[in-house]
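Take a look at the structure set out below.
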Amino acid sequence: MLEQLARLGRVGIAILAHIGRGNILLFHILGGITDLATRPGLLIRQLYSVGVLSMLIISVSGTFVGMVLALQGHYTLSQFGAEQSLGVMVAASLVRELGPVVTALLFAGRAGSALTAEIGLMKATEQLSGLEMMAVDPIKRILTPRFLAGFISMPLLAGMFSALGILGGYFVGVGLLGVDDGAFWSQMQAKIDLHEDIYNGVIKSFVFGWVCTWIALFQGYEAVPTSEGVSRATTRTVVHSSLAVLGMDFILTALMFGG
Amino acid sequence: MVGAFIAAGLVALFFLSMKVSNLSTMSGGEGYPVDARFDNIGSLKVRSPVTMAGVRVGRVSDIGFDSETYEAVVTMSIDSRYDTIPDDTFAKILTAGLLGEQYIGLDPGGSEQYLKTGDQIQLTQSALVLEEIIGQFLFSKAEEGSNSE
Amino acid sequence: MTSDTDPLVKIRGLRFFRGERAIFDGVDIDIPRGKITAIMGPSGSGKTTLLKLIGGQLRPQAGSVEVDGQNIHRLSRRALYRLRIRMGMLFQSGALLTDISVFDNVAYPLREHAPLPSSMIRKLVLLKLESVGLRGARGLMPSELSGGMARRVALARAMALDPMMIMYDEPFTGQDPISLGVLVQLIRALNDASRITSIIVSHDVQETAEIADYIYVISNGRVIDHGSPDAMLKSNAPWTRQFMHGLADGPVPFHYPAPGLEQDLLGT
């Protein structure tokens, strides 16, 4: 009994220490941002590998999600004779929820795991120690630009996802299923609110970008520097990021739309 | 490439704000606030539309409660281009369709004075609450029945 | 003030634990200036850890490490980084940044720490690469280099800021005979030419004995023996003899501790 209590305590302490190290790392990463101003090239390179390389999967997924939404929505709405609201339904689901959340999940799988693997391998091959011994702070030089790139990329990617999803929904709804063109857009414009829906969606994706990139970098930085350790860290990144995104999404949705 | 990525992202966000959201239907200029008091506002919400002859002229910007008179105080923001609304205008809370959302309809009066910033609309009609209407209907039917006996 | 006769690195009573396990338990080492000092020991004896302690990447539980008269672990972060500019380290894997070219790797410390015009940096980088014989490889990416070449590039990078000392972490491990010969020669030549203090951590007895001026042998967290390479090779101390000559059995037993064979086989 006492032993189990002690074990519980040890696990608790380990979790707290883990969270603490994550926060210390985040603090250091943020501390490097001023330094980055003199080296914009570093950020641009990371925007390429984090953002540009994720663009394809995000665009394709967004389009298809929008198309599927239109098909499913049309089926349900037509039972109430409310096909006219298809535009609202597609746009609201995308802008409020699916855009930020699905983008974040795909981002965790595409960019987050790549970040973890990259940082973990740099650790395993002593590149981080090497930088440190060259009197270069690896957190500032390696982690900060990646963090910022993730934070900036996520809302842009989520925006593309939603925009292409709406176009995909338009294509299916208006093009294939014969919903009225004008009604599709005008209902959407009447119901989707710039602040309530779009800004909140963008805020969500900023938060998700922050969390996903943070988790990815932390897992990479803490990875056991062996090939097995790196592959485990990569898996953990995807799992932790996905759970964090879904959990945060619930909290954010409750805060934004619940009240 | 990075430039293209950022541009594409911004275009997408711009598309969302301009084409998808109500930014396009919101008039650029600010509105002026006008108050109205209602006994019951039903399910009227902040941002519900305010219309005149079916045309939207503003939106509800705030809903409060006066704890002395037990009335709801609704603040509307009327687009500044509609600055010739008579001050004896009648404000009703209407429902779009049978079960649709509620909005405020304005019926213009005949006054020469126009509503200004911070004015209050005196003539109001509360929301029709379905249960109350049904209750009244049944009550009057019951009364009819007892009278005819 | 420190004079030239003082050792460059002075380690006193160093104790370092990983969890419960003692990696170092009271180690005293002096590294003289301008010489090549080798620290030898079997695998897992914490040699790389020692270099990390000297470089200030790890913190000991007790004891002190002084580099050039400054206690590494009492320095502020800023001062530590300033001191590290004067220390070079050659990692086992080379630790080259994989996403930039050979040229950019060698230029990296210069661009970070020396505000020089790019034409000047170019000249310095080419000179450093020339000294390791890889000027022609400047356009390659690290993934295109062989292990020996990667180590030479890393050496050029470690030399880029003309440090007062270079630490070599297992420089000879896993090299074919030719690149081994090249590395041995390079280390000796660089040391003689620029009066750099070198610390070599290794378990390759032959190559190390060939170029070192002085050898420390560590095992089980303690300094077992130290002296010139000749003295060490001729040493009669049983442990040193076993290590230096690679004998299968000796104070380090061939058998992992186990109950008697008979007892194990008969299952009693």
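Just so it is clear, A, B and C label the chains in written order, and each chain counts residues from 1 on its own.
By definition in this document, contacts are C-beta pairs under 8 Å (C-beta built on N, C-alpha and C of every residue); 3 or more make two chains touch, one makes a residue touch a chain.
Predicted, not measured: the structure shown is a model, and the values here were computed from it.
Contacts between chains trace an open chain of neighbours here, each touching only the next in line. Overall, the chain located most centrally, as judged by its C-alpha mean against the mean of all protein C-alpha atoms, is A.
Looking at contacts between chains, the pair that accounts for the most C-beta pairs is A-B. If each chain is reduced to the centroid of its CA atoms, subunit A and subunit B end up 38 Å from each other. Here the spacing of subunit A and subunit C, counted between their Cα centres, is 42 Å. Taking each chain's centre as the average of its CA atoms, subunit B and subunit C sit 78 Å apart. Against subunit C, in their complex, subunit A makes its touches with residues 121-122, 125-127, 129-137. Interface residues of subunit C, counted against subunit A in their complex, comprise 52, 55, 57, 81-82, 84-85, 87-89, 91-93, 95-98, 108-109, 112-113, 154, 157.
Residues of subunit A that touch subunit B in their complex: 44, 47-48, 51-52, 55, 91, 95, 153, 155-157, 159-160, 162-164, 166, 185, 188-194, 196-198, 202.
Residues of subunit B that touch subunit A in their complex: 1-2, 4-6, 8-13, 15-17, 19-26, 47.
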